[in-house]
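Both of the next two complexes hold chain A, though its partner changes from chain B to chain C.
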Partner chain A sequence: MMFDILLLVYIVLGGIFIGAGVHFIPVGGAPAAMSQATGVGTGTTMLAAASGLTGLIGAGSAYAVSGGDFAYTIVLGGVSAALMISILAFIANVMYVYGAGVPLSSAKIKYDPITKWRQDLYVSRGTEGHGTPMVSFISGIIGALIAGIGGALVFFALAETYNKIGGFAATFQSYPAPYYIALAAAFSIGIFFLNCVMASYNIGGTIEGFHDPKFRRIPKSVAASFVVSLVGGLFALLILPMLTGGF
Partner chain B sequence: MAEGDRSPGSLLGIGVIGGLIGIYLANYLNMVTGTAWFSFIAALGAILAVFWGADAVRRVASYGLGTGVPSIGLLSIGAGQIAVLLGLAIGKFAGLELADPIIALILAAIVGIVNGVMARRVIKMNIAIMERSMTEIAMAASIILLGFSTAIAGSFAFDQIMAYVVASGFIIMVFIVGGMAMLHPFNACLGPDERQKRTLNLALSTGFLAMLVSGIAAGAINGVPAAVPTLIVAIVGWIIYYMRFWADTKQDAAAMLSTGLIPKEEEVMT
Partner chain C sequence: MDPQMMVELGALTLVGGAALIAGVAEDLESDVGSQSNPNSQVQLAPQMGYLHRLYNKAISGEPASYPFYAAIGASTALAVLSVTNNYSLIGVFFALVAGAFITSLIHGVYATTSYMGRIASQSRFGQPVYLDVLRTHTPVLMAHGFVANFSVLLLTWVLIEQNLSPFPFVVLAFIWGIALGGVGSAVGDVHLGTDRYYQDRPYGSGVNAAHSGSVVRKAESGLRNSIDCAWFCSKFGGPLTGLGFGLVVYLHFWKEVVVKGWWSPVAGVIMVIIFIVMNVYLESYSRKRYGTYKEESE
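Moving on to the complex of A and B:
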């Protein structure tokens, strides 16, 4: 049984969404952990793992509950990831403001494009900003929504493919999730990490959001995500002909 | 950069040959005897791959990735995961389950090369050994995943791995724990005084910790015969190599290395 080419398109599109979404997320890296740069104080890998896996759990449960409804899976995947990143950024902001005692500000722009508040006066000397100001926060929510939708697209395409394999509706012991959801989740995580790490190499580890000059590097990430998810998606979809006895 | 007593070639040999021997031996001894007593050998094979993978991570990450060491470890373990699952399915399709680990290794190399080429040529990361390192780490990751999965399921046949490792959810645990075992050593030891021997002793210690976790999972699947040898070997191995790492740390800490003067303000800003 040959796989559906449309589903390969979903996976490639999902991969590109994941890569593009990372460019919106305020990743501060190690400097932000010492409140010396704008963004959430951890690396892209950790942020992507946190929001991506939450999105995947959201998408997976929506898929299982709705019996494979496309819109429900995609929306819940995106919303779960966005929810995770906003909780993460909010809690980090509480720590920056009340723990480290720094105002939320960005050194890359003079005025916050959303609140119109002055930024440069509040940046401590020798640092590049602190915490996650409003523009980065909103950017992060948009990015997680895009990346979560991308992850959910990959998951949806794989789950739709694997549920055609005979015997994969079975479950492990008394677990509620059937085999095909588990296999789709395992592959989605692989493809998710391929794309989000490629995107994080593109931004060189840190970015503040869509107002950051590094955001213009996005076309390179789209090209890399296209190739990487094409190969990953092809590998993932080839499981179907392999397990159903040929093309 | 990142030189050491052990050459990349010899580590590649240890990882590939040792890893494959471990996985095959565990599978066939389990099959011949009809028990799960020999599952722990597969985890030992995976530890040899951790040993190799940690050195490959060390070589590439010493150039400075800009995103932290974990990124390359998790990228490669993602590549390894895709390769292993397809490799097992191809083995089942072709009726060649015997060749599963080798097919998975070849597929991992393909995904690794693609990632390396993308990172160096499209993203334009200025690291000369990117392609080679990505390929090596993805191959090591595939042996790590397959080794710990075999230790849990007792066999590397697709059906067993699918039911006992993927459907039971242990695959995610193997993914993170195996990735951590490979990326943590250099992440913990990096710096001007980094030394290969210390990093690799830490790699063996984290490898045995990962084996400990997979031993607990093996107990849930195959019961006492799988869990007891795995847990005993893992605990003994972890204690031995953690003590060695600790001795190396104390030895290295006694040495002082000049890192130069504090950089001027304009140099900091760039």
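Moving on to the complex of A and C:
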């Protein structure tokens, strides 16, 4: 039994979405913890994975509840990821404002393109900005939405493929989760990390969102994600003919 | 109200509470162990000539180490359950405790080797290995790690028991570990890095990059160690991290339990909009309250 080519297209598209989405997410890296850089204070890969995989949990629930409805899975995956990053960035901003006593600002732009508020005067000496100002906040939500949709696409394609393998629709004892969802989730996490790491090498440290000059490097990332998801997706999908005997 | 929803809401409350405790314990663990973004400052300090008595263990980033702890704990708990075959409340409870216990032992091994390796590599700058720091801090961070991991395992188990997620136990624990590490690293670290490590600098500004590495080494009494940092961060950084992770887990499932079907994503979008509005308010408040750092020159 051969796998459906459309599902490979979903995986490649999902991988590109994940790679592109990472570029939108405001990442301050280690300097953000010392209020030296704008963005959320953790690594690129990790922040994207934390939000995108929370989206994957949403997509998994949606897939199981709706019995494999494509649109519902994708939308709930994206929205769950966006919700995760909006909570994370907001709570981190509460920390910056009430814990560290710094206003939210960015040193890379003079005026915030969304709120039109002046930025450079609010940047403290020897830093590149602090917290997640509005433009980065919105950019992060867009990025998590795209990355979450990408993760859900990959999960959907893999779950649709693996449930055709004989015996995989069964469950372990009284456990509610069928085997194919477990395998699809594990492989989706793998493909998610592949694309996140590619994108984070492309970014190289910190990025503030779509207004950052580094954002223009995105085409390279798309090309890399295309190749890596094609190869990764092919391996993930070839399990089907391997286990069902012959191509 | 639908009785099934009542049960699910009760489970959700338990899950939210477990997530809150997990967040607090996770952040305090990273403060005691100095495993997070501010670790860059602790690592840099001896090279700048500032010898210190802080713990130093960056095993890896928090969002990488916590999923692996959670996965180890979840696998151990499942192994214990498959042997005892006791799926009663008390049987599951002790299986989860066993999982978290094995995890904290592994955590302790990593912490010890990481501390010894990192500090020993700084001997060329004259940084001594303090065996009393190793002896006093390692059990503390293992204990905090135990609480954090047990809470993650508990919330994952409740979610699966209530059929709120189709993912298997280990994979779900792994993903919640990433989210927990992400929140702990993004929120709690700021209190430690900006405030506690640079308490001798004026409050209310970012740390000037030129001051990197000059961490505070004297305490209220005697020399500062990392347990003092956890004490300080337990006043704001820890609870806020707990609130963050609790909200992530609670709101994520709230929108799937309370509203069904296509209303779930709609509820999610409404929540995102509420957070955007609150962020606008917060940003405007911070600008008005704290003012500018420079005079306008043009």
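Simple rule for what comes next: the second predicted complex is superposed on the first by the 247 of 247 C-alpha atoms of A that agree within 3 Å, B and C clash if a C-alpha of one lies under 4 Å from a C-alpha of the other, contacts with A are read in each partner's own complex, and residues count from 1 in each chain.
By our rule, a contact is a pair of C-beta atoms (placed from the backbone, for glycine too) under 8 Å apart; a residue touches a chain by one contact, two chains touch by 3 or more.
Being a predicted model, the structure only gives us computed values, none of them experimental.
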item	value
Chain A as common anchor, with chain B and chain C clashing or fitting	clash
Partner chain(s) touched by A:Gly29 [first = chain B, second = chain C, both, neither]	both
Chain B versus chain C as contact partner of A:Ser221, first or second or both or neither	first
First, second, both or neither for A:Gly126, with chain B first and chain C second	both
Partner chain in contact with A:Ser136 - chain B first, chain C second, else both or neither	neither
Greater chain A contact set [chain C / chain B]	C
Chain B versus chain C as contact partner of A:Thr161, first or second or both or neither	neither
Which of chain B and chain C A:Gly245 touches, first, second, both or neither	first
First (chain B), second (chain C), both or neither touched by A:Ile191	first
Partner chain in contact with A:Val231 - chain B first, chain C second, else both or neither	first
Chain B versus chain C as contact partner of A:Ser106, first or second or both or neither	neither
Chain C region in steric overlap with chain B, selected from 78-86, 150-158, 204-212 or 222-230	78-86
Set of chain A residues, in rising order, touched by both chain B and chain C	29-30, 43, 46, 49, 126, 175, 177-178, 182, 185-186, 189
Of all residues in chain C, those that touch chain A in their complex	36-41, 61-64, 160, 163-168, 171-172, 174-175, 178-179, 181-183, 185-195, 197-198, 203-212, 236-237, 240-241, 243-244, 247-248, 251-252, 255-256, 261-262, 264-265, 268-269, 271-272, 275-276, 278-280, 282-287, 289-290, 292-294, 296
For the chain B and chain A complex, residues of the former touching the latter	65-68, 70-72, 74-75, 77-79, 81-83, 85-86, 89-90, 92-93, 107, 110-111, 114-115, 118-119, 122-125, 158, 162-164, 166-169, 171-172, 175, 265, 268
Residues on chain A engaged by chain C in the complex (per definition of touch)	29-36, 40-43, 46-47, 49-51, 53-54, 56-58, 60-65, 72, 75-76, 79-80, 82-84, 86-104, 115, 117, 120-127, 129-134, 137-138, 141, 175-178, 181-182, 185-186, 189
Residue ranges of chain A in contact with chain B within the complex	29-30, 43-46, 49, 126, 171-173, 175, 177-179, 182-183, 185-187, 189-194, 197-198, 200-202, 204-205, 220-221, 223-224, 227-228, 231-232, 235-236, 238-239, 241-243, 245-246
